[in-house]
């Protein structure tokens, strides 16, 4: 057997209060796709960042093709043929796609500090051709669709071939969490093609995907390697058990906890709602009901969601909560009406990174932590600790900045924000499980069921069709800003994903 | 079938208490340290500098700047900037001087109220028109200056009977200038209100990430308007202090306090990008800036070198006081 | 003034890009038309020449500031740097203070001095982590101090024929200074479009952290951008000296804020990542048309500043209307 | 309880006379970066040197608040035998300075700016206020300008910083002159804030606005006049339009001598810088008694001269000499009491 493309031994990384990596071992063979699985906060991103020189480990060694190396920067890592697509998209929005692709490794495209646009275009085109993308290299990046931008990222990471004579190691940290199923298929095709000349490390919380595309899966738990699985014939359950150390619940979507919905008076009733990207939306959600909205990018479902939260202007239409007409002129008005919203872009819109877990959790429902007009620190502490415990949020303490938590734990805090007040009537969830591990997801689902049981109405823009089908009582399919059709989705009578896909196009 | 190759016991979840490290605690005191170092340096340069009389004079001198900076700090914490404070203070001195004869003691609250209103109007313009606060208040600055020039008849307005504002020029116990005590009170009041109400988290959230704050239902617009309003009120109060000291109001009287006030905020270690900082820091910053403005020439630094030293020291002071761990990208 | 990643990318479109760029030129045309209708002198050829000539220095300074603003930083050092460079050049070319007569070499030295000051700002930013607002304010003070040292009490008047001719001689109806400004705009535009420095400055304003992740060392580029800006200010100082026939410490008074205003009016964002030299050029002309027009139509000198401030705010407000969004971040 | 004055040991003497070596001389002006004020400080230095002392130079960048701050800091130090020669930034800045000096017992001479109703004679240690008659100078150069354009035609006026007494008095002088010279028409007036650079742009604009109708330019100080000269040169009108200013800065005097400028009025910075300290020094050392100073000399206009081509050569070199500052001669240049 040839030398591994990459090997890690005993890698350790401490953060204040957290041991992110605690002696991790990992082997990446040549021409294989290695999956990396683990709960939120298991240390996956930290490990991968150490591999591209963004995190300096406290102890441990990294070997590239058998040679020990010290990686101090992205450039050094690229010199060894290692490149990474980050968990959050990282392109410069106001540059052209071509510039993003060659950024940091312009080579012949820049001579003595001067741009040669023709060469740049050619170089970028070569990269795009490699992965079969048809976008215009000179288009501004922020004019591209989400999926196209993901392609640009991959085209960019493949530039490391130019920097190293050896077959590259391409690291993909949760690339699928923001993609649609069709785009995921394209991506997987690319990954399989990459295997011909490169090694790939692939991270995803969707275990079926991991098993589908990877040759082998390494599992991390609490910053340690706990084992590995060859994917042939493996099932997600097995993998999940390794990740959390025990067998998870059978009922992922907690379907037996679903409540019967009374449909006398809808909690939310929307008639003829129109805005810039959607038109004539009719929508009823009963108390305790979970309504899923599915649709491709650009179907307008996200904007409907934002409009219902008062974050997007509307041109026409009427919204009633429990029969009472409400004016959604601001997010504040929506909050006052008992509406909560969990945005998809957690990092920029969902949370205030430098503020503490406690402050983030009580940002909306200030009343919950106040006595009269004054903040009661004791009250807040008790409240926050209760919710940290209840949602098993992994944090060194309630005063830790939320930005320091892993993505999944951040999301739980953001969700908790709407629950601490205890007066929520309608929850708008835009990809609430994006980036969450399977366990955390399951907990979010349980939470949604519990809330539904207490009469909270939920609008869910699901992360995947399966999730929508699993959770929703009813699914609306949106295309081009209109509701194309409505599919009932009761327990026992769930539609198949294919049924929905038919309607979406 | 899956084949587990190795199994290790799960690690204990990390639940270590977060304790501030000594270094982190030190950064909080940096503005104070900078202040002490500066006083020490000035004393070394001129041993006469460190006398009770001289410190009393310095604290009296610093009072209007402290108040101006404290108000503007709120705007900066919200992520904006208020360039109109000095012009607004100038206008307020004129208004106060004009109204004192008719309104007497009532003139003070009326002027502060008027200044607060003008501040709020700028806040509303910023929020509703969606123009950067830098531009709104830059425009506000020129408009207010013009208004001040016109109402004052382009000249200073003498205050013949200054009894209604004279209390500000007294000394508490013979040593503490009343204006300095009032400035301290203003700072303490703002700090207290922020601390004990939800305002602190609203202001910080707005400053750190406006969109996240808005989507969390924070009254972002109101918070911003409020910040501008308080900033205006503080400018008005600073004007009262100036009038009590100058016995007159002038259309350009406080204009030159703009950059020192902004410098005070930044030297205090408040992030100019918003979110992180406090009015206490601005208090220390205002004292540092005042000592630089007044102390350097008094201890005999020649004019040209004074400017060079001022520039250099202020940059170094900011380098010391700014907590790099709280602000990821420095623009 | 902020590092907020504005606007979730999915919300922008190419159509929007062209639409939003149209605001400032339209505002320029409208304002020009209004003044032309009000005043026959305003629309005379001489006055147009006059406006363009008067815009020359501001245009050069704005060229420099634009690069800094593109990065999302701010630069308030123009006043100090221009003062220092004005004194330097007036003491190096033929003048009434000493026997120097270095001609072009003297001009070059003055520009290089500007570079050095700019470099200092950049270093304070990246090495000491002082926000550019403060770093450049400090450097401005240092520049003024240096200028005062060189001034030493006696006004240096230049007698250098070449430098004097720049302000007087005309080519195609415009003074040489104007052509220098045009050259600066062209060079600036080429730098912005065809050099790594320019594109990276643009990118730093767009997403600085991404550049770091891509292995680009941004610090040298930041320093370089400030240095480049310093060169433009240095040249600006030389041009003022040519206009006034003397080296003044106050040569750069007010250019810092006017240049920022011009750049912003032209459509450059203070948050960085948008705008450019051509935008700024439009902004400069717009500001000059305003100043000139208000005098031509006879607005009282008391009110001019105020009216100008209002129109600037209105122009920026009008320009942002097409991009207004409910949840937009404006700082 | 509250007191009107800061506590601490009282260092002020006021009445008892000082040893010459104990006298502390302070000169305060706006900045060192313009020729007029630089010459003021140089004059102060020269006087201090002549009595074996050193002048403490203070500059406040034209910033009223900074000026007050510096004064109160100075007064918080040792004020026994303190002599201050101060250029208040504006009228409004004088009262607090006077009040502070009074309380501290420091000897004070102010120049240029003070409110009309505030009189040195009512104070013990405010020895004198010296100024030049702005109305007179504004009128003198106004008349000179009328004469230069032959008593007929349009002129434009460049005003100083609008809220200063100097700017207003000088402009009032121009208005008085215009009343007399009915053939002269004021086409336009703009402020250029006493600044050479602003004067340049404003003049250019006004020249395009009024074209060849402009026969003369009246500027409230020489800096602006020099800016206007540059503007004329750039507009190709050098020599065709008469220019007048005030202050007699060296460049303006040589311009008058060279014929490019019509007239200016002398205000002698070197003398002003020395004389204030000299009066204070004489009183502090007991050579001059406050009671002995004539009432007219407690607030006076200093002599000024209209400088035209005919007498410019006389003013080309500084006219101050050491004997001006002898205690017997300090009031030699009194032109009359303040009205």
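Note that the chains are named A, B, C and D in the order they appear, and that numbering of residues resets to 1 at the start of each chain.
By definition in this document, a residue touches a chain if its C-beta (ideal position, glycine included) is under 8 Å from a C-beta of that chain, and two chains touch if they have at least 3 such contacts.
Molecules present, by chain and UniProt name: A = Monosaccharide ABC transporter ATP-binding protein (CUT2 family); B, C = Monosaccharide ABC transporter membrane protein (CUT2 family).
Being a predicted model, the structure only gives us computed values, none of them experimental.
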{"item": "Between B-C and A-B, the pair with more C-beta contacts", "value": "B-C"}
{"item": "Chain whose mean Cα position lies farthest from chain D", "value": "A"}
{"item": "Intercentroid distance (Cα basis), chain D paired with chain A, Å", "value": "72"}
{"item": "Intercentroid distance (Cα basis), chain B paired with chain A, Å", "value": "41"}
{"item": "Computed distance of Cα centres, chain C from chain B, in Å", "value": "28"}
{"item": "Where chain C and chain D are represented by their mean Cα positions, the distance between them in whole Å", "value": "35"}
{"item": "Overlap residues in chain C, where contacts from two or more other chains coincide", "value": "4, 144, 148, 209, 302, 327"}
{"item": "Residues of chain A touching at least two other chains", "value": "311, 331, 348-349"}
{"item": "Touching two or more other chains - residue numbers and ranges from chain D", "value": "31-32, 162"}
{"item": "Interchain pairs in contact, sorted by label", "value": "A-B, A-C, B-C, B-D, C-D"}
{"item": "Residue ranges of chain B in contact with chain D within the complex", "value": "48, 51-54, 56-58, 60-61, 64, 149, 152, 154-156, 158, 167, 169-175, 177-178, 242, 245-254, 256-257, 290, 293-295, 297-298, 300, 302-304, 306"}
{"item": "Chain B - residues contacting chain A, complex", "value": "1-8, 10-18, 21, 195-198, 200-202, 204-205, 208-209, 211-219, 221, 275-276, 326"}
{"item": "Residue numbers on chain C that touch chain D, as the complex places them", "value": "41, 44, 46-47, 50, 53-54, 144, 147-148, 151-155, 157, 167-168, 175, 240, 243-246, 248-251, 253, 291-292, 295-296, 298, 301-302"}
{"item": "Partner chain C, residues of chain B touching it in the complex", "value": "79-81, 125-126, 129-136, 138-147, 149-150, 154, 209-211, 214-215, 259, 262-263, 266-267, 271-274, 303-312, 314-316, 318-319, 322, 324, 328-331"}
{"item": "Interfacial residue positions of chain A with respect to chain B in the complex", "value": "16-19, 22, 221-230, 233-235, 238-239, 242, 245, 309, 311, 330-332, 334-335, 341, 343, 348-355, 359, 362-364, 366, 369-370, 373-375, 394, 396-397, 399-400, 417"}
